[in-house]
Amino acid sequence: MSDYTLLAVSCIFVNNILLMQYLGNCPFLGVSKRMETAIGMGMAVVFVLVLAGAITWITENLVLKPFGFEYLRTLAFILVIAALVQFVEMFLKKSIPALYAGLGIFLPLITTNCAVMGVCLINIKEEYTFVQTLVSSFTYAIGFGLALVLFAGVRERILLARVPKPLQDTSIGLVGAGMMSLAFFAFKGMA
Amino acid sequence: MAKTVVQEFTKGLWAEIPPFRIVLGLCPTLAVTKSVENGIGMGIALTFVLVCSNVVISLLRNIIPKQVRIACFIVVIATFVTVVELVMQAYTYPLFLKLGIFIPLIVVNCILLGRAEAFAAKNGVISSFADGLGIGIGFTLSLTALSIIREVLGSGTFYNIPVFGPSFKPFSFMIQAPGAFVCLGLMLCVMNMLGKK
Amino acid sequence: MPDEKLFIGSHAPYWHNGSSISAKSYDTMLAALPAVVLGISQYGAPALGVLALSVSCAMIWELIMNVAMKRPASIGDGNAAVIGLLFAMLMPATAPWWAVVVGTFVAVVIGKQIFGGIGCNPLNPALVAIAILMLSWESMMDFNDALVNYDFGFNMIYPLAAIKSFGASAVSDYNTVGLLMGQQPGGIGTTFGLGLIIGGLYLILRGHIRWEISLSFLASVFVTALLFNLSDPDKYANPVFHLLTGYTLIGAFFLATEDSSSPVNFFPMLLYGAFAGILTVLIRNIGAFVDGVVFAILMMNVANPLLDKIRPKAMGKGIKHA
Amino acid sequence: MREMIRLLVVIAVFSAVSGGLLAVVQKGTKDRIEYQQLKFVKGPTIHHILEGSSNDPLVDRFKLPDGKEERNFFVGVFDGKADVVAFEVFGKGFGGDIGVMVAVNVENDEIVGIGVTTHSETPGVGSRAKTDPSLSEQFKGLPIKEPFKVKADGGQIDAISGATVTSRGVCGAVVGSGEIYMRLKKDIIEKLKAFKA
Amino acid sequence: MIKRPFFSLGKPKLKYPVDDTQEQDVIRVIPLPDRVTFFLEDPYERNEGFLIKPGDKIKTGQKLKLTEDDKDYVISSVTGTIADISQYRGYLGKTYAAISIDTGDEEQWDDKFKEGCQKPTLENSLEFLGCLPGDTGFIPILDTHPPLNTIIINGLDKDILVSTNQLIVQTETDSLKTGIEYLREITGAGEIMIAVSPELASQAGEIDVDVKVIEPSYPNTLPEIIMKSILGKTPPADETWEQIGVGLINAEAVVAISNAFTKGQIPVSKLLTVINKDNTTVHVRARVGTHVKEILAALDIETYHGDQLVLGGPMTGHALYSEDLPILADTDAIMVHDKDNVVLPSDCHCINCGECVRACPARIPVNMLIRVLENDLYEEAAKEYDLLSCIECGLCSYVCPARIPIFHYIMLGKYELARIETVEESNA
């Protein structure tokens, strides 16, 4: 159990996917200007990433590896993830419209989100077991959501501040993200 | 009026240079620009994939059904990414190790799908080639510029050659994660000040 | 209709309690004085040099940014000087001049001005600078390395480094009163515990800092350290030791309380201080850094906007009468 | 429905073409990639433990079947005699498998040297097994058949402080290498004859 | 001004300074002015088609209206000739028609009120008592559906140093009694109470209503806080008091009601507290519409270029740029503020010190509110940051070390919000 706790702490804080591994930055800067969208995106990523982590692990270990097709991993993963997102979108639209209303607009963005693909590749690279894969995918996604929501709070204030013109918007957003990344050094060495 | 091929090429070098004018593809920009070598390597890899996929998609644009075009684009892009992956492993293995998962991640880089969707799917082969090459070189230039700043200040070297005297203690913040964000942010500011023209 | 005698047409209220940013800044510097004076008396000219360079550089950077951004000069408000002073207080006396130049640049320009100047900084500028210097020049910021040539007749091993490497047994090498009186190596203005406490109380009584933050920070450092200490007395130092060493006291009174990056509502202030305290001890005991105050406060600065959303319901809000 | 099938067929064709193309590229680069991996991942360790050999062990290598697996052996020529082989074995570490390269002298069954190739141990703690020679040096010159154990387990090896688990993993790997070596010794000696310089 | 104490923890404490030397019972009567001016709200900025025009003869107590349809009216306080009707742009750019009347020699009273309205009824009050000295908020109290069940008489003054209503409670207890009887008749309100300061509690006890004692420290005397301490509930932020069946009226207006129906003449003069530069106060009685200059001249108060002239008290008043502007029916005080004490606002950004949040009696997150208001995000200010809860006490500005004109931003925000709503309604 404590192994999993350590893995979780590592994925959420120490190796935070956004701030330490530089994955998923486009949506990070894209949707963090408002708290609601940040929360929506965070939830969508949690949802998709767990599914994607599981399904790519299965693809790797039950299909690619046994047949020696590891070199097709990139192709296989992206197709599997794209199909998964499509499927999730259709499923939500039909079955849980309320959730779809909240997450729907974020789902297409996720297909081309480095964070999702990146975590799936990390899971394979680290040779995680299936359960470890689930834990790591879930906690990486939580870390993504946490960073996104914290950043949205910071960003909302930056938007109201007197930022010089050339720095406005993405530019100061990036500097702000740098400051956040700096703050996350607090967790260095804890897992 | 349609732009000339030259214009399609040059727009990627300044007017639409990624990731400054088109704010896409931030992850590799942040992750690999620790050193000039990595930056240029990544830029070339991406340029290769971009040019190839732009050309192929442009060639096939009339056969690809609208409904599944994204899936087809992804297959084309993923194919070339894998080619790059294999070739880099075979010939520039140390670089491949340094760039790590950011090579396979080219497949989800928004620039590629963005160009495929916005340009190659609508334009001829030659224009698409020029567009891909321009954007790719623009991206490479950006990464190079950023990595020069980061490597020189953060490691005290340029292309692994020391540029300061031996007593210099490098400002290694620049090659760490927060430095990457701050540096890119400030560079974006400079680009904003320089304007579009 | 109107004759040439004109009256000033500003808006209510026409009275003001007389407070001002500059008064606040100068009071803060006054409060820091005891700790600074002890630092200078211990480390002599180098400490004075770092302090003077830091304060003046901070003001020069501020002025340069004012000009660059075409804004009125704002060094009069004393904020840049406070940032410079606090930055210098955290530095070792042996810091080279270029580190002070780079550090004040980071603090004033990156930490504050590019976000829009005073009040717009999401994180504490002085701490941003210290953190970045810690990441870049580790050995320069390591007090054991930096102060190796000084000997004042008391134990010259940085207390927090000592417990990190040798466990709680190292605590017995220091005596509490000595720590309180500044008999420990550390930053120029961070070692004189008593002076910092006096300065802090002064700021609290004057109403310049929010006591809730200081108190909850200190309380939470104490409680967290106590829990660690109880779980393994050989490995983890006792809570009083944690309170009197490193940046704890300057953090509680001068750093965590920086206005722009800390909450203003009651519960958020308590939470902010409490989490910062917990994180401080966590970093010291199981994290990668010798002292946790810098990154703990920075982390809570980031959480501040979110925390500060917890607030009482405004009067008349949401009441519906039939 | 027909439309649907058409779309699926298009994607299938795309994927098939892509798969075919990649298979070709993969075939073409396979051997090189293998060599590169050896060179950059295992190469440094091999060169280190076979220091002073007059040949290039990465070139002078052979394969032997061991049950279902195939193992790579790297030959070291010392004083004109090809009597040292190095091969990789794995042990269980703190963060996953630890790859250990073990070099044995076939004349006297003594260990010439060991070195860690790959691991995922904690940086600064377990990772010292690779960077700090104090652990690996202890194995030099000892007979490979010995049941190596860390002192905490009643053995003869001083563990790296704070990284007993890693040290234990390395010992386990070396013990495993002894078993493999004894199993394949005959074939090894046979193969080595080809390298007599 | 009241300085921040050297040691300061918690909220500012603004006591109403009690000045022993002031001649409480001496009320200086200002002589009849040569000219008076009235303002009538004129959102359309018209120029013609008015019922009145320059040259018209006007009697004291005559009701003046711009057009037949207009709701807004004033009661002339003098007899004379209309000299001028011009446009005036007031606070936040609201437009008014300024009617100036040159006073004639002999005072003549208009009889309309006396003839038609002997009885204190709702109709009569609506018709004539719309701008009673002391309170212009009387019409909303009358004109509610359903009628009010509670009326609170405010025997306190909103602002620091002002003691107009307190003086009324002290000196005109009898009229107050009669006024309350009339008020009961007019509105049919079941419950009437009076809020007074502790010193006047026993005196107010003679009046036959519930007496509620309020500690006179700012901002306890603001209407919303009075209501909260008396009724235990606060008015909802986005509704008016009347919508929840409660009305508040100043003691001076109640006395005016009494005088109107007893004498058959609508009162036309106003009691004022004049606050001099050294914070000493004098009470004066002047015709509504008298120019400030005349009042100051009668009191020998000298003003200089660069001083501040405030209608109202130090926390909530409005500054005038000229002495040639009139006192209004609801002007309780005039404050003369020396130029050395003028507080100049800065355009500094909020430093997030939190003083305002601690000072705000309405628990508003002023530090965030000021940020959104500076960025013109009025709707967000109302929705997220409780703009409408503000009870307009000005304490946030009073304590702000950055000297941001917060209160001004708030009033501007409220005004803009109302304007946006009007525009949206008319578009809908």
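Per-chain numbering from 1; labels A, B, C, D and E assigned in written order.
What we mean here is this: a residue touches a chain if its C-beta (ideal position, glycine included) is under 8 Å from a C-beta of that chain, and two chains touch if they have at least 3 such contacts.
Every value quoted in this text rests on a predicted model; they were computed, and no experiment measured them.
*Asks:* Considering only chains that satisfy the touch condition with chain C, which of them also satisfy it with chain E?
*Replies:* Under the touch definition, chain C and chain E have A as mutual neighbours.
*Asks:* Mind listing the chains that sit against chain A and also against chain D?
*Replies:* B
*Asks:* Where centres are the averaged C-alpha coordinates, which chain has the largest centre distance to chain D?
*Replies:* Centroid comparison gives E as the farthest chain from chain D.
*Asks:* Pick the pair with more C-beta contacts: B-D or A-B?
*Replies:* Top pair by contacting C-beta pairs is A-B.
*Asks:* With chain centres taken as the means of their Cα atoms, state the distance from chain B to chain E in Å.
*Replies:* The answer is 67 Å.
*Asks:* From the mean C-alpha coordinate of chain A to that of chain E, what's the distance rounded to whole Å?
*Replies:* 58
*Asks:* Nearest whole angstrom, what separates the Cα centre of chain B from the Cα centre of chain C?
*Replies:* 41
*Asks:* So, what's the distance in Å between the C-alpha centres of chain D and chain C?
*Replies:* 52
*Asks:* Indicate the residues of chain A shared as contacts by at least two other chains.
*Replies:* 71-72, 75, 79, 157, 161-162, 167, 172, 175-176, 179, 182, 185
*Asks:* Which residues of chain E are in contact with two or more other chains?
*Replies:* In chain E, 349 touch at least two other chains.
*Asks:* Which residues does chain D have that touch at least 2 chains other than itself?
*Replies:* 15, 18, 22, 26
*Asks:* State which pairs of chains touch, listing all of them.
*Replies:* Every pair of chains meeting the touch criterion: A-B, A-C, A-D, A-E, B-C, B-D, C-E.
*Asks:* Which residues of chain E touch chain C in the complex?
*Replies:* The contact residues of chain E facing chain C are 1-4, 6-10, 12, 160, 224, 228, 233-237, 239, 243-244, 303-310, 312, 314-324, 335, 337, 339, 342-345, 348-355, 357-358, 361-365, 367-368, 386, 388-389, 391, 394-395, 397-403, 405, 407-408, 411.
*Asks:* Give every residue of chain A touching chain E within the complex, in rising order.
*Replies:* 157, 159-162
*Asks:* Using the touch definition from the top, list the residues of chain C that touch chain E in their complex.
*Replies:* Checking each residue of chain C against chain E gives 1-21, 23-24, 77, 116-120, 204-207, 210-211, 259-262, 264-265, 308, 311-321.
*Asks:* How about chain B: which of its residues touch chain C in the complex?
*Replies:* 169-173, 176, 178-179, 182, 186, 189
*Asks:* Flag every residue of chain E that touches chain A in the complex, lowest number first.
*Replies:* Residues 349, 371-372, 374-375 of chain E touch chain A in their complex.
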